[in-house]
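Next up: some structures, all given as structure tokens.
Two complexes, one shared chain (subunit A), two partners (subunit B, subunit C).
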Partner chain A sequence: MEKRVKFKGLWLPILLVLPQFLITAIFFFYPAGQAIWQSLFIPDPFGLSMQWVGLGNFEFLLADRYYRASFLTTAVFSILVTVVSMGVALYLAVLADRLVKGSGTYRTLLIWPYAVAPAVAGVLWLFMFNTRVGVVTWYLGLLGYDWNHVLNEGEAMGLVVVASAWGRISYNFLFFLAGLQAIPRSVIEAAAIDGAHFWTRFRTIVFPLLSPTTFFLLVVNIIYSFFETFGVIHTITSGGPQQATTILVYKVYADGFVGQDLGSSAAQSVILLAIVSLLTVIQFKYIERRVHY
Partner chain B sequence: MAQQNGMVERRGAGLWLTHVGLLVGIAFIFFPIWLAFVASTVEQQEIVRPPMPLLPGDQFFSNYARALTSGVNAPVSTMLLNSMIMAIGISLGKIAISLLSAFAIVYFRFPARRLFFWLIFLTLMLPVEVRIVPTYEVIANFGMLNSYQGLILPLIASATATFLFRQFFMTVPDELAEAARVDGAGPMRFFFDILLPMSRTNIAALFVILFIYGWNQYLWPLLITTDPEMNTIVMGIKQMFPSGDDTADWPVIMATSILAMVPPVLVVVGMQRLFIRGLVDSEK
Partner chain C sequence: MATLTLSNVKKSFGKTDVIHGISISVEDGEFIVIVGPSGCGKSTLLRMVAGLETITSGDVQIDGRRVNDQEPMDRDIAMVFQNYALYPHMSVFDNMAYGLKIARTPRAEIEERVAHAAKLLQLETFLQRKPRELSGGQRQRVAMGRAIVRKPAVFLFDEPLSNLDAKLRVQMRLEIKALQRELGVTALYVTHDQVEAMTMADRMVVMNGGIADQVGEPLEVYANPATEFVAGFIGSPPTNFLSADILGRSGDTKVGVRPEHTRLSDSGSLRARAAYSEALGAETLVHLKCADGTQVTVRQDAASTIPQEGNEVGLDWDPANEMRFDPSGRRC
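Moving on, here comes the complex of A and B:
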């Protein structure tokens, strides 16, 4: 698509794109290039020189037990976050959609947690489940359950998943509700006349018609749980216990800034970069097909 | 007529069940925030001897005053100011540079236009988390650690907004530009007098989304602000926890958490329509 009308001039447009060009070049393309470049070297222990290792960093990473474990952790974590937050959101959206009056009020009540930063959500959930002062921990103790996410790997994972999914419900709810309200009433009423009950209608009509929204949310939520949950992990578990909650992004940070292993951290960045690109391509291909949501 | 509400909506007992279901969901979402609020209004003693009360206490003013004026490492009022500058800087900065370059891409022919467009497209893919180490080095080399420029610039180096404005400019009728040209208005006159006013809603919607994005940043401020005076509130909360076995100052930490939520929540609730629009726009 092109505009028919164009203004003349050569220097003006260049001047107009210059600010964005400079900022993107300096703070985006140069660092991204550096990440790829650094991934091919190992710096010596004093940081004075770099030794070319080709794909050595990658080979080392893929052979590293902890890195492979981190892949698995990320997969489990992002699938759980996506399923939990989308599941709860869909449930609430279906309920709100059944109301003639008041769905707007519920929407207002449900959307604002979107504004709560993942790191703040982490602190809130940490407070509830704190091993010494947490309210939920205390009541679980009354029931005879000894909650300790500092030591128990499964509980640590459960806590970061719930804290990450919690803040994401609003977003998914909004899109699901919009998707549901876009389904023509007449289709659903026709099915009702034919005697289809709620669950049948949902399974055979509503859910299939909602699939563009669901698919879109699936991709967006996976990207969210890959990157934006760093704050949750850092505040609640710092990747522990025994790296049980070290997702890939957290490991880039831990190895690069805490461990100072720049070559490995850069190689991890490159691998992450490949994963995001893949996800983005999937997302764009899907939008290219002009599916409406 | 009994069927007034349509035949698939719930009535009677079913309607009540629907409300109950929604209220349970809302309770689940509110509970952590309610608890944080309660904790921010009681004394430390009431928290460290569990279970803590579930209704607010009478220490609201003293806890919030203590957080705002002294905090743990730095006064929370300082951190709020830093967050505000960072969030507004990111929103305005990104909107300004994106408007200009989208205008150039859509309304001019210049040599590297296509290349520039693809460079922009590439940036859509890479969140800052992926390139943290090299970006940190760039900022360190420029001497921008612990500075507002350092907090803002790397986060506006992406072209999501340019993409959005380009899409919008493409829908602006050609006749407008033509008329402007016939009337002898130069490109910048057209930009300021016609294009900019027309983009008002898009700009506002984008501002809401970017403000929340900027306010909620965590990893980046964590890396580059080592000076507590430069901490943003969202990353500063974690810094308030003592290392080792000391007991955290829970009332102040929870008051800070509540303060960290208030500005973005006000923005979302107060500008709900723009917020939803921005959300849908920026995901397209």
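Moving on, here comes the complex of A and C:
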């Protein structure tokens, strides 16, 4: 049965499509186009004139040691955030799925962190790990560990990863739980009768059947870790120490709005856009093949 | 090959008792059908034997060993589920081989056993397909195959035919029965369909509200129902029940007469009005209504005369075919 609406005139369909078109045009095409345009110029410090440099901004960036280091930082950061947030979420979802009593409360509590804005989450974690007054820092001190993420690059990275992954766990948890509950109970029972213990069942039955969910979350989480973690990094480390937590999106901001190099900043946005598009294409092309729908 | 013994098995969910104590002893190679309406606890009973539900009290023994506290995998059983419960991401071969692979059976033996089961079930050409590419009947066969390859002591069937269409159901009914005989495996089969129970069972257990009303051979149960419930549930169309009042007798004994034993006769003392009739070809079912509203069905040969709708006729039967039940529903 085909349910296709046929319009008589041309005006109504245009009117109906217009809101979505305007939103995409104003908030995506226009700024993206502007970024591409600006990436070809170097403006003077007062914003009075712009000088055409062609691909000069890109050439300069790719030769820049700090920019190349930022790629590595981004890769480490986004892999850690994705693995931590998805791993913990899956573990919690498996536990919640087995729960009979109180599962409603458990779920509700787990979903709360999702409502906390990344910048606020960043401040929360910053308070806990503050080098002078942080609760966790104090306890670590009692154990003889001197926590100082302001100086230690590894600790700084660890802290922004945990803070970014924390809020994300709720979101991933919801999807994993829904995915787990969509697996028919009898399939699990059949596997149990076939002799599979919990871990074998998980590896051979549950995880493969969960793969569409996992794949979706993988794409969404990587994009999240590329962009939306800005607030966390800005509040906790501001990209430091020694640029150890300057991921690509943070460098766009730092070079453009702090360093006032708008041409380079625009060029970085363009590169970032290209990377994320490429990653998503790769994910859909290669990983999706291994997904069982 | 094994015996299966249930002794006074009970199940409660919280404070609700679902199964009130059931004892059955299944001989080696016997095909037992548990039949009853939905909610009578028959599936729960089967799941307790499988180890998918805990046993509140009583004992389940397979081949003499108590299995109450054993995991499903250690009980040496195989189960066929109503929705087949095939692994959707695995091929037919992998579905059948799954249990053997987990048991670390040698590759050559796995292939041999799966090939044997596939041949038995005519699935040889489908081994590389995924379950979603199969029809309902084929999926049903794969579920059977998965049970067969493991060579279990006891087969458990949980309404395996209820998702199939009527024609396929009749065919699979015969196939399952033939297969079970050929393999000589003890089987416990749960269904709500009394025809399946009658045709497949060596002995059947009629369950009602968590109690086994009667255990016996199908024809014995049909001819000699122990309770009013069994008389009404087994047999289609169901037994006619007549109160002492309408028969003009004293006491409160209810009388049951099967439709094929009820005769239309002008001399019959019980009068009823013909409501409607269903011609099935070989026979015609005549539905009548007595003065107090009691429904009576009479099974008539197609050749015999069928009363006009609205006409009053007399009903009669051989007293030997009369089944009497006391007010609690027991035979008396």
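Here are a few things to note about the model shown:
In this text, the second predicted complex is superposed on the first by the 243 of 293 C-alpha atoms of A that agree within 3 Å, B and C clash if a C-alpha of one lies under 4 Å from a C-alpha of the other, contacts with A are read in each partner's own complex, and residues count from 1 in each chain.
As a convention for this text, a residue touches a chain if its C-beta (ideal position, glycine included) is under 8 Å from a C-beta of that chain, and two chains touch if they have at least 3 such contacts.
Computed from a prediction, not measured in an experiment: that's the story for all the values here.
The partner that reaches more residues of subunit A, of the two candidates subunit B and subunit C, is B. Legend: residue contacts after superposition of the two complexes on their common chain; A:79 is shown touching neither subunit B nor subunit C. In the superposition on chain A, A:192 makes contact with both subunit B and subunit C. Once chain A of one complex is fitted onto chain A of the other, the partner contacts of A:273 are limited to subunit B, with no touch recorded for subunit C. When both complexes are overlaid on chain A, the residue A:219 reaches neither subunit B nor subunit C. In the superposed pair of complexes, A:69 makes contact with neither subunit B nor subunit C.
Applying the stated contact rule after C-alpha superposition, one finds that A:282 touches neither subunit B nor subunit C. In the superposition on the C-alpha atoms of chain A, the part of subunit A touched by subunit B in one complex and by subunit C in the other spans residues 189, 192-193.
Those residues of subunit A whose C-beta lies close enough to touch subunit B in the complex are 1, 3-7, 9-10, 12-14, 16-17, 19-21, 23-24, 26-35, 38, 88, 91-92, 95-96, 98-100, 102, 106, 108-121, 123-125, 127-128, 132-135, 137-139, 166, 169-171, 174, 178, 185, 188-189, 192-193, 201, 216, 220, 227-228, 230-231, 234-235, 249, 252-253, 256-257, 262, 265-266, 269, 272-273, 276-277, 280, 287.
Interface residues of subunit A, counted against subunit C in their complex, comprise 184, 186-187, 189-197, 200, 204-205, 208-209, 292.
By the touch rule above, subunit B contacts subunit A in their complex via residues 5-10, 15, 18-19, 21-22, 25-26, 28-29, 32-33, 35-36, 39, 47-48, 50-52, 54, 96-98, 100-101, 103-111, 113, 116, 119-120, 123-127, 129-138, 153-154, 156-159, 162, 170, 174, 177-178, 181, 186-188, 190, 212, 215-216, 218-219, 222-223, 234-235, 237-238, 247, 250, 253-254, 257, 260-261, 264-265, 267-269, 272, 275-276, 279-280, 283-284. Contact residues on subunit C toward subunit A in their complex (touch as defined above): 50-52, 71-73, 77-79, 81-83, 85-89, 98-99, 102-103, 146, 150.
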